[in-house]
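Should a chain be cited, it is by its letter among A, B, C, D, E and F, assigned in written order, with residues numbered from 1 in that chain.
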Amino acid sequence: MAKDRYQKGIEKIKELTSSSDENPTGFMDIGERFEEIAPDLSKYVVEFAFGDIYSRPGLDNKQKVLTTITALVAQGKPQIEMHIKTGLSVGLTPEEIVGCIMHLIPYTGFPSVLNALTAAKKVFAEEGVTVSASDE
Amino acid sequence: MAKDRYQKGIEKIKELTSSSDENPTGFMDIGERFEEIAPDLSKYVVEFAFGDIYSRPGLDNKQKVLTTITALVAQGKPQIEMHIKTGLSVGLTPEEIVGCIMHLIPYTGFPSVLNALTAAKKVFAEEGVTVSASDE
Amino acid sequence: MAKDRYQKGIEKIKELTSSSDENPTGFMDIGERFEEIAPDLSKYVVEFAFGDIYSRPGLDNKQKVLTTITALVAQGKPQIEMHIKTGLSVGLTPEEIVGCIMHLIPYTGFPSVLNALTAAKKVFAEEGVTVSASDE
Amino acid sequence: MAKDRYQKGIEKIKELTSSSDENPTGFMDIGERFEEIAPDLSKYVVEFAFGDIYSRPGLDNKQKVLTTITALVAQGKPQIEMHIKTGLSVGLTPEEIVGCIMHLIPYTGFPSVLNALTAAKKVFAEEGVTVSASDE
Amino acid sequence: MAKDRYQKGIEKIKELTSSSDENPTGFMDIGERFEEIAPDLSKYVVEFAFGDIYSRPGLDNKQKVLTTITALVAQGKPQIEMHIKTGLSVGLTPEEIVGCIMHLIPYTGFPSVLNALTAAKKVFAEEGVTVSASDE
Amino acid sequence: MAKDRYQKGIEKIKELTSSSDENPTGFMDIGERFEEIAPDLSKYVVEFAFGDIYSRPGLDNKQKVLTTITALVAQGKPQIEMHIKTGLSVGLTPEEIVGCIMHLIPYTGFPSVLNALTAAKKVFAEEGVTVSASDE
């Protein structure tokens, strides 16, 4: 039933965002602000993106969020901030997130990477996260 | 020294492709076929892409190749085949590789994913790899 | 139920491709050739792309296919051929299909348009369709 | 004559924007703000984009603007706001505009669609347009 | 008059391709093969792309073709081959063409550059052009 | 040695930005603001982008910056402002910079060009540069 996929999607979002029952979608943008112009959008986001796709086997949550972050960096999408936050929530270290972004230099070039690091720096500051001195 | 970065890059490529000393770059395309028109290209590929970037801390090899594959799927680049082969070489399971590609549907849409699965199917056939029936 | 969305998707594909009960998906590529490596792909294509999205209100079938063709031209995806064929099937005239592609010149530039016209010319030849001399 | 193409373009813009003789280009951005650095830009916009291309046969105005909106969503361009406004002006219903954007989910992924809906929501609010509850 | 722009465009193409009066468009693809499906395309290519844009002041022909090649590399378009040929025709040295492509590594990443060098290598072989050993 | 490549990169940046010994990187963004999260980024920018690539033979500085600007316009990257400033610094005239951007209309479409001209207008105003009335 559609309801099951919706519920499955909400459970996945709770797991990804470590959110509470009071605010099950946590900081995840499921598009509810478009309720009046596109009332079925949030349903598709929850049911399909999270209920179907994020709930697939094959990758663990950390791998899924790394994949998401990479796709958004390669495309230059503003949603990268929210998914970096999700990355921290599922246990990616800031070193892994930065490592992922830096790894993209030979594939996307420097400008995409600079833009993504701007997003990472902002999220790390908001979340009080620091990066250990792993490079030299 | 530049020589060190080159050597470091070659070592990394050997590690990624499980190649022998006789053929250290293995199946990795480092652009040697452009020797006559762009003789410094293969140097940049080995020194920068592999000696500098692939040798960074932060991600393990499996994460690095997943990140590479994702970037190539998001951009629709033909190099995806070679990097899927690299993925198998560093120990990514076919389920992880397919899981990564399928995870991109909500971020890149279906056409990019169909094109990437065509590449994966070809590489899996060449490598004699089968995917276990993990979906239903 | 998921089964309903699948059935709804199949019905939509039959409508779009004017296909028979014997071959309900007609010429539409739903990714069945990936059965062995990504068995859930065709389910997502049918249930989500056709059962959910193509079955939405708002646009008629001709508008939906024009939108699809435009997106594929703008992204340079090879699936444009199949969707031009779908366009003819739902009643878009060749003049509308060419009109759509030509309209994109100021938005995507000439190269994307030339590539798309190559696809259109091939499909028109296969389908025995001619374009009336509406331009001069 | 070039003057004819310019006049033809202005007439087309008036038609698309329902503008008056006092302000013939209406809300359409023809690049006049670049008069001092690129004085021929607005000429190209009016003569080529509107005089030649928007004046072609094949598609009606509603189809032309749907095609334009789709191309801009697929490319993530900020001009989408102005062309959604043009869509309303030529008689596209808000349901058709939202229907077009939502239809793109399987082809561009969710992030592009979320960004486009943000633009649509803003324009609809400015124009006092509401979307009927056509989804559920 | 439109005829003047067409003639101006043909003159520019002759200049760019060093073509003869018998075959004024030389090796330049102006889209004549789409005569039956989009008879106005070649007119737009000649009048607008060459008569208006390539005939603008500001850049010399070598700069214009370098700009064209760069745009096509950054977008991964197949037209790059023809424009590399045009580059040789207007006097760009193979070192300048390769220099341009190599310069893009930090901006587009390696895969786009590898694909472009494949095109350059093919054109250089067809034209009997060799690159001097300027790198080391 | 790595130090040599770094020094070579700094020299190149000084040359490109006409900067002083006190502030050798001038207005060039080498990513130093990411020191705490990605301490090796600025090293890669200086060593690879400037020490290796910008220091290659084949193109002169004006051609290199034109190529950079074109790539950024084609990709819609915000770094275009800084590189237009670099263009002025290496001696590109504002007419050449505008000529380059306008030349891209047939290859990227109008929206990318409008966005790039907005950046150019801003930089020209900041730098007190005017464009001579070369068009009409």
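We adopt the following convention: a contact is a pair of C-beta atoms (placed from the backbone, for glycine too) under 8 Å apart; a residue touches a chain by one contact, two chains touch by 3 or more.
Note that this is a predicted model, so its numbers are computed, not measured.
In terms of the stated touch criterion, the partners common to subunit A and subunit D are B, C, E, F, listed by label.
Touching subunit E and subunit F together: A, B, C, D.
Annotation: the subunit A:subunit F pair of sequence copies touches via predominantly different residues, less than half of the used numbers being shared.
When you average the Cα atoms of each chain and compare centres, the chain farthest from subunit D turns out to be B.
One finds 32 Å separating the Cα centroids of subunit C and subunit E.
The distance from the centre of subunit A to the centre of subunit E, with each centre set as the mean of the Cα atoms, comes to 41 Å. Shared interface positions of subunit B, defined as residues touching 2 or more other chains, are 40, 44, 48-49, 53, 56, 72, 75-76, 98, 102, 104-108, 110-111, 135. Every residue of subunit F that touches subunit D in the complex is listed here, in rising order: 76, 94, 98, 101-102, 105, 110-115, 117, 120-121, 124, 130-131, 133, 135-136. Contacts from subunit C toward subunit A in the complex involve residues 1-2, 5, 40, 44, 48, 52-53, 56. For subunit E in complex with subunit C, the touching residues are 29, 31, 33-34, 36-41, 44-45, 49, 72, 75-79. Note for the complex: subunit B touches subunit D at residues 104-111. Looking at the complex, you find that subunit D touches subunit C at residues 48-49, 53-54, 56-59, 63-64, 66-68, 70-75, 95-96, 98-100, 102-108, 134-135.
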